[in-house]
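Both complexes below contain chain A, partnered by chain B and then by chain C.
Take a look at the complex of A and B:
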């Protein structure tokens, strides 16, 4: 009964670009799992394949990508075998995404409320839309009047909250958060991290967090996978990976992290 | 102690009357030659306004900025041009700081052209090669376009351009915030090397306290336009005195 325990099981997933001598194995036989209500982190430097892995879950990787092998089992069914139409129903309603740049993720000419409403209408038919918008804004601790605001009238932190509201509009089971706080200030980042932790409790949300910030990993994730050049080089419980890294690459990464309170030795 | 830059009771105010914004309030600090001085605080606290006032991109409402003992506000003509060679800026987004249609080497040759450094184009191109070497880039890459480089390489290019006029002070506004942790470590190391080799001083603007802890000598914490705390970086972070500094430190996701 593995489906019961894990909402997502990625098995030997490979995503390639180009062919022949120019072949790039962006994701190379990657396997990971996300348990129900669990938050896991995928870490690694830019170009390591973490974002492509995340996009590949719902076949959203750039058009040139070739899904060269493996399976993406979401609730036990393989996403790579689903039709584009079926995937469109799943994206946003069962698996949703938030990205790094809240400013560019919104359409500047529509209000926040309009854009949240669009997410609701696409997937849900019989709901009181106005009430839903209010509920969602409340969930991310924004006042009701935010619905009438345009993206440029909000700060980066407020926009990321709106982004989360939109992502949660259809009560997804899995939230993929790709560097959700990298563009934000440390105090605002703290608020967003607390919000995510809070939500995963409240609505039993499973979260796949993609980041290169180990502080965030320590804060939120129960398990962590370290990626380098398309491969997962180390995995384990957060404490074990952060404090007793086994792989050389993880050790190098950890050594590069600037510490607030460097060990005195 | 000898001072390179002193800022005294500086105020920057945007707008007039009711709608005016007091972005920098009575800020006083100084930077010694070869010192890396950190400036931390959240967005909107006035860090960038302060940086802009120092490079004279915005005029202060009151207060005084001295560079090597000369009042910056009174500089004009040749003196101001020299000041603008000696104080350079590096920004957060290196891609946004480079013209996508211009070979990166030419972006540096242009700077040398404007300031009439080097006697002809060949000599300037040779200087570009030296600068590339100084920031750890292959000099042959100077004749490529910005999109052919990674984020860290682009930041090195921006640093090379800032160094082209042999400055004494670099105002670095969030220079590593957009970079990965391993690339960030390399750029920070480069800044340390430049300080050691050239006695270059930095005003290092950042919201990342861990980075500031690792590269800066002293730090000022800004909140709402005011410097609320200032001191040796280790003292401020290990033993914060002001309420806001504590809030800021508590927000850092650390392990």
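Take a look at the complex of A and C:
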């Protein structure tokens, strides 16, 4: 297989719920690409279909979803045509996710170490697990003893770091971060975003960032796609979209970002 | 970072349980009964291996219907057998019934409940149909029917009869819990890591609902014992072994003549066992409920 330029190419992806009169086009002919080592952002309000688009990449959308059309080319092969078995091998090892609410994304009855270990063992054989856990915790700047903690003993920020450690356990090529900082307070948001930016440099990771907050897009993403009611309404380089938004919806979204000093005009 | 000392769900539950005096008393009773059952089993196995008649089966018509005394603390029955020795053997039978029927019913209930809750759709329809069918039949009649079909007259019929009919309640509970848990983010996260359905069901969701299984066990155990007593009393349960049901049946004959001891001690033992397990079950349910965190 020839090395594709883009690690991910989504072409005219449509995901529908229900049928007949009740048909909801949650994702409606959406196209976007993620280059190797690139970080892009999918921005939109709640219900704009951005999360469903992200989940659809490995067919993780809720059971009721119908993949009505389009292609999801990951390294050139269409994820929508893969078997469930093949997708399971891809999830976690090549495409990893981190979710919005770290507090409920961990199994409450197991220690962090147990859960990271499981993530490692899933897709990798013959590794020094203890050493790997230590390396991963170190990567996300957590002390080694965190491995012995239960999820309820950690803060949201710490848990989101653990989540990132788990997501990176099998060195995926693409990380899908679905609102990774929404449930965290502002200073912790900054730390997590810096960490993600660092890591994407360090391990040459492609990141698809899903967010409703233009504030966190600016430093992180090289390109931005703006989604509204299942459609992409604007796309472009981050600077271009931020400084010269063409679509009204983009302007509204940007106006919604709280500022310490309101714009003078 | 604020790391408290290792507190898992279980150590938390144990801490809460320890504060409940009544529960600890019941736990003591349960431990006592368990020790008696183990002792009874050892006595039974010893005599069985040596092929000699154990004392609790030895008839001595000269000593029939003796009131409680230093020699026979709980008196003797119509065949001159020591009631206390037979009562201890009754604990053994009761425990065997409670444990073996649980070993049949709990795996069925948990497995079907997990499958139904997790996969939904046709699987769910079938399992709900299956347990509705089971639930629609009067319990005791169903058990009696199974016990009569089983050729071996005795404990095997009791085990199968009770075991195969009492998984419905647990199945329903587990199904409901799994339905709730499978929508939670940690399950979504596990899927996103590429973990398979079987592992998510049994390794991720099941440990989270294990408290339901444990509480169910403590509540169905005495229920199974009670059912066995009724079956044996009716003459289609245990035969030839000193089950509490048989003892009650034999004691009832002479109760009107003032031979109160056999009936009293057997029902007292049954009462205490059922009460201890039920109260402990209730306390466990409270202790294991994380929402009641103090």
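Just so it is clear, the second predicted complex is superposed on the first by the 261 of 265 C-alpha atoms of A that agree within 3 Å, B and C clash if a C-alpha of one lies under 4 Å from a C-alpha of the other, contacts with A are read in each partner's own complex, and residues count from 1 in each chain.
The criterion applied here is as follows: a contact is a pair of C-beta atoms (placed from the backbone, for glycine too) under 8 Å apart; a residue touches a chain by one contact, two chains touch by 3 or more.
Source: prediction; values computed, not measured.
Enquirer: Does the superposition put A:156 against chain B (first), chain C (second), both, or neither?
Expert: first
Enquirer: Is A:227 touching the first partner chain B, the second partner chain C, both, or neither of them?
Expert: neither
Enquirer: Would you check which partner chain A:260 touches, where first means chain B only, second means chain C only, and both and neither mean what they say?
Expert: In the superposition, A:260 touches chain B alone.
Enquirer: Once chain A of both complexes is superposed, is A:252 in touch with chain B (first), chain C (second), both, or neither?
Expert: First partner only, chain B.
Enquirer: If we overlay the two complexes on their shared chain A, which of chain B and chain C does A:242 touch? Say first, second, both or neither.
Expert: First partner only, chain B.
Enquirer: Could you say whether A:186 touches chain B, chain C, both of them, or neither, answering first, second, both or neither?
Expert: The first partner, chain B, only.
Enquirer: Now for A:219: first (chain B), second (chain C), both, or neither, which partner does it touch?
Expert: first
Enquirer: Quick check on the output: what are the common chain A residues between the chain B footprint and the chain C footprint?
Expert: 155
Enquirer: Name, in rising order, each residue of chain B that touches chain A in their complex.
Expert: 42-43, 150-151, 180-185, 188, 207-211, 213-214, 237-238, 247-255
Enquirer: Residues of chain A touching chain B in their complex?
Expert: Residues 45-47, 155-156, 185-190, 193, 212-219, 242-243, 252-253, 256-262.
Enquirer: Which stretch or stretches of chain C touch chain A in the complex?
Expert: 1-4, 6-9, 120, 184-186, 188-196, 204, 207-208
Enquirer: Going by the contact rule at the top, pick out the chain A residues touching chain C in the complex.
Expert: For this pair, the touching residues of chain A are 58, 60, 63, 87-93, 96-97, 99-101, 104-110, 118-119, 122-123, 143, 145-146, 148-150, 153-155, 158, 163, 166.
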